[in-house]
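Note that chain A is present in both complexes that follow, paired respectively with chain B and with chain C.
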Partner chain A sequence: MKKYFCSFRMGMKSEYEYRLNFIFVLFSAFFPMIIQTFLWIAIFENSKKPIVYGYTLNQMILYTILSQMIAKFLKTGVETEISTDVKTGGLSKYIIKPFNYLLYKLFGFVGKKAIHMEIILAFILIVLVVFNWKVQITMSIGRGVVFLVAVFLALILNFYIFCCLSMLSFWVTDAWGIFFGARFLIDMMSGAIFPIDIFGETIIKVFQALPFQYMVYFTVNIITGKISLHMALQGIGIQVIWILVLGLLTRYLWKRGLLQYVAVGG
Partner chain B sequence: MKELTKHLRLMGLFTKRYIMSQMEYRTSFFTILIVESLILLSKLLYTAVVYNTDMVVDGLKPEAITLFTGTFFIISAVYGSIFMFNFTNLQNSVYDGSLDIAITKPISLQFYLTVSTIDLAVPIPNFIAGAVMVTNAWKTLELSMEPVVIIGYVFYIILGVLMLYSILLLPPLLSFWFVKSEGISHIVSGLSNFNMMPMAIYPKALKIFGTFIIPIFIVSNFPPLFVLGRLNVGMKLWGILAPIVFFLGARIVFKKAIQKYSSIAN
Partner chain C sequence: MNAISVKNLNKVFTYYEKKEGFQHSLKNLLVRKQKTKEAVKDISFDIDSGDIVGFLGPNGAGKTTTLKMLSGILYPTSGEVQVLGYCPWKRQKQFKMKYSMVLGQKSQLWPDLPATETFRLNQYIYEVDEKKCKMLVDELTEYLDVKHLLHVQVRRLSLGERMKLELIASLIHSPQLIFLDEPSIGLDLVSQQKIRSFIRYWNEQYKTTVMITSHYMKDIEDLCERVIVINSGKKLYDGSLCDVNYMFKNIKIVNLELSDEIDDMKLAEFGTITKKEGLNCTMEVHKEDLHEFIGYVTEKLNIKDINISDIPVEKGIELLYR
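Moving on, here comes the complex of A and B:
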């Protein structure tokens, strides 16, 4: 386990070096946030109902802000890293070493995110304090802890989704288009662009059978108070199940993929 | 006139070169097409929300709002086709020193660096969606089909493209001073997304900022506003003057930037 903590520390150190970059990335999330906030204000002003898609205006604005932040925080580049390693033959230097490559990547990824976590939590705290001052939101220490656990599990879940996807690199020479397209689809299905409630019952049912909503939609709604603490705990259980399923699938594909691997340039 | 013909002929040659290369790498063409369609799909969610909630803003019904969104897609298609890849390449060419070869070409350096890489896969989905939305809005709203209105709309679209070119060229030019300016490019390009919705949804301060300071609303808010008869004489003139002023400004910055360039190959 010690060697994986080294990877964790390496991830932390490298990200600390480029922490300003993450602040820029966060800043780029402000524009969709502003556009959507004013869009929702216009919709609620126009609507005669105080609740649209199951949200009050304040809940919707809070959702808009937090979903953009959480989506940026969860973002991974692991699929590109693994794909490059497979394509260039760089993977060879890892598979001869006495550690599990995928665990090495996971710990490195979590290490990077540990630095982002401080920035994102500070931001979320500011947003919540401002919102609590303006309007009352259902907040308690218990809900806060459940939220933190859900965010951490969402991070691991996101890692395994993209890690699983990256296994395609063993069969497809240049999979950047698949990764890029998948990112947009996953953003849509996870509730990162709009809450999935806008899609209508049939599509929501399909989304509920998939793991994506447990990344953004579920975690943000713990804070907005749209789901009860009991349902939040249930959701955490489902997150764990999806992590196990995707972890096992990734492991299976990794083993199959290695049989295909040709160390080009290695 | 002779210069214009020469540059138009060159654009024809760049397009021919693009088609030849895409015939060689057909998969790449279809990959970009699919990815771009997915990006478009995520943007269409905004329109879906507008229709679902039957939003009316400043007297603009959903059909009128799609006139704005459609125009945004058309201008995005033109930008994606002619300038987008060039602006990315410009940053890279400063970084890796490949600008040296471009400087030796016997044509306008700004023209060569900002127009030489044409792409036809990016604009297809955007243009189709934009054209369908604009045509549908035009019909539903029973807008005037008089040549003056149509020519005026196309004229403001051309000015919008010029404005977008002038604004989005500035971040890549910063790479002459800072070498890496991707973060700023991301932020500035995000500004153009404000045009997905009519500027009427934003607060007054943002409208003034987006019309007079960084006139991003001139890009794709002014053409539909002209068609809907919502541009007063002052705004009509500003919509013509601002793109010209900003283009001349971008030209001056470009010349200054080139003077700053020091080749890393020497």
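Moving on, here comes the complex of A and C:
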């Protein structure tokens, strides 16, 4: 187990070397936030109703900001790392070592995110304080703890979703196009762009059967108080189940993929 | 005891050919002709533990492919391999703990962090005792003269500096067997020398089996008593380095120093002229023609000096490569 904590620490340290980068990533999220905010203002003005899809204007803006930030925090990039390793033969140096490559990647990833965590929490706190006088937010310590757990699980869930996807690179030499499309779809289905509520009942039902909404939509709803604590705990249970399912699937694909691996170069 | 034993090893790759030009790219989208390449053909050999064996061959001969199969990175198409008593591609943990591989062209060090971090990672991965690891790293950095580089971000290091640290990182668990794939690639002469003497020292100290590939003849001459030469996937030679030329024992090198100019055509009747500069001439002469040739030279030509020798080792290997 020690080796994976070492990977965690190294992920943390190497990300710390480039900590400013993440702040810029967050700032880059600022522009879509503004565009969407204006879009929602226009929609609310035209609909002449104070509540659209179950959100007031202020709630909708709060959702937009929080979802963008959490989505940026969860972002992995692990799919490009793994597929580059497979394509260029860099994977060779890992599979001769007595450890589990996927766990090693997971811990390195969580280590990286540990650095982002502080930055993102500070931002979220500021946003909540600023919005508190506009939107009624039911905040409690219990809810805060549940939120932290949910974000952590969302992180692991996101890792396994992309890890699973990256296993494709064993069969498709350059899966970049697939990743690009998938990233957009997953963003949409996870609620990073709009709240899931706007899609209509049938599609919501479909989304509920998928793991994606448990990353952004679910975690944002915990902190804005849109769902009850009881439902939040239930959601955490579903997150755990999805992590197990995807983890096992990834492992299976990994084993099959290694039979295909040709270790080019060198 | 055999550290490595390989029997009838084969590896076939399938790939798609793509000709130059956009037209062919489009064609490839519709129909792709699958081709196969036999990278390794029916190779067998044994290596005793504690030996340093050179594994030679021209580019694309199948050296690295063989090493990859021996280290369990690739599955062979057919054949039997036992490395340290394990089947490498089953990738058992106990097996992985016992060997190490240095790929000259693939770095295992984390580029964004100093090398010590990767050493620590390897220490944990291979479950090496903290104290033992520290002593080893101290010893190795001293020997390779890289102590001052330990705390520098790896991506800022030069190729040679990185290579030395790379070598240390792969020795942290004191492996019984090391595969070195072109460890001296891109290094200056002093560094090459250092790495060579280091490998020698390590081998003597720990009785480690070493299998090394390199394109620098000096590496091989200094380190290996035995070499295995392969070309286009087939084993051509397996034996001691100084006997490589034995395969070409029928050819002698004759060095002549003439006192008069002579027509090349006349000399060429007896063998091939490999070099001619003014009155100095080097020829390859078949053993059977030697007697006749010497007779001709001593009777008909005015020579200042004659020198007959065997083919040098380097030349022997070059001939094998062809």
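To be clear about the criterion, the second predicted complex is superposed on the first by the 261 of 266 C-alpha atoms of A that agree within 3 Å, B and C clash if a C-alpha of one lies under 4 Å from a C-alpha of the other, contacts with A are read in each partner's own complex, and residues count from 1 in each chain.
Note that in this section contacts are C-beta pairs under 8 Å (C-beta built on N, C-alpha and C of every residue); 3 or more make two chains touch, one makes a residue touch a chain.
The shown structure was predicted, so the numbers you read here are calculated from the model rather than taken from an experiment.
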item: Contacts of A:50 with chain B and chain C, given as first, second, both or neither; value: neither
item: Touched partner set for A:24, first chain B, second chain C, both or neither; value: first
item: Chain B versus chain C as contact partner of A:42, first or second or both or neither; value: first
item: Contacting residues of chain B [partner chain A, same complex]; value: 28, 31-32, 34-35, 38-39, 41-42, 45-46, 48-50, 52-57, 183-184, 186-187, 190-191, 193-194, 196-197, 201-203, 206
item: Sites on chain A touched by chain C in the complex; value: 2-3, 5-7, 10, 13-14, 17-18, 89-90, 92-93, 95-99, 259, 261-263, 265-266
item: Residues of chain C touching chain A in the complex; value: 13, 64, 68, 71-75, 91, 93, 96-97, 99-101, 103-108, 110, 112-113, 117, 120-121, 124-126, 153, 181
item: Residues on chain A engaged by chain B in the complex (per definition of touch); value: 21, 24-25, 27-28, 31-32, 34-35, 38-39, 41-43, 46-47, 52, 176-177, 180-181, 184-185, 187-188, 193-194, 198
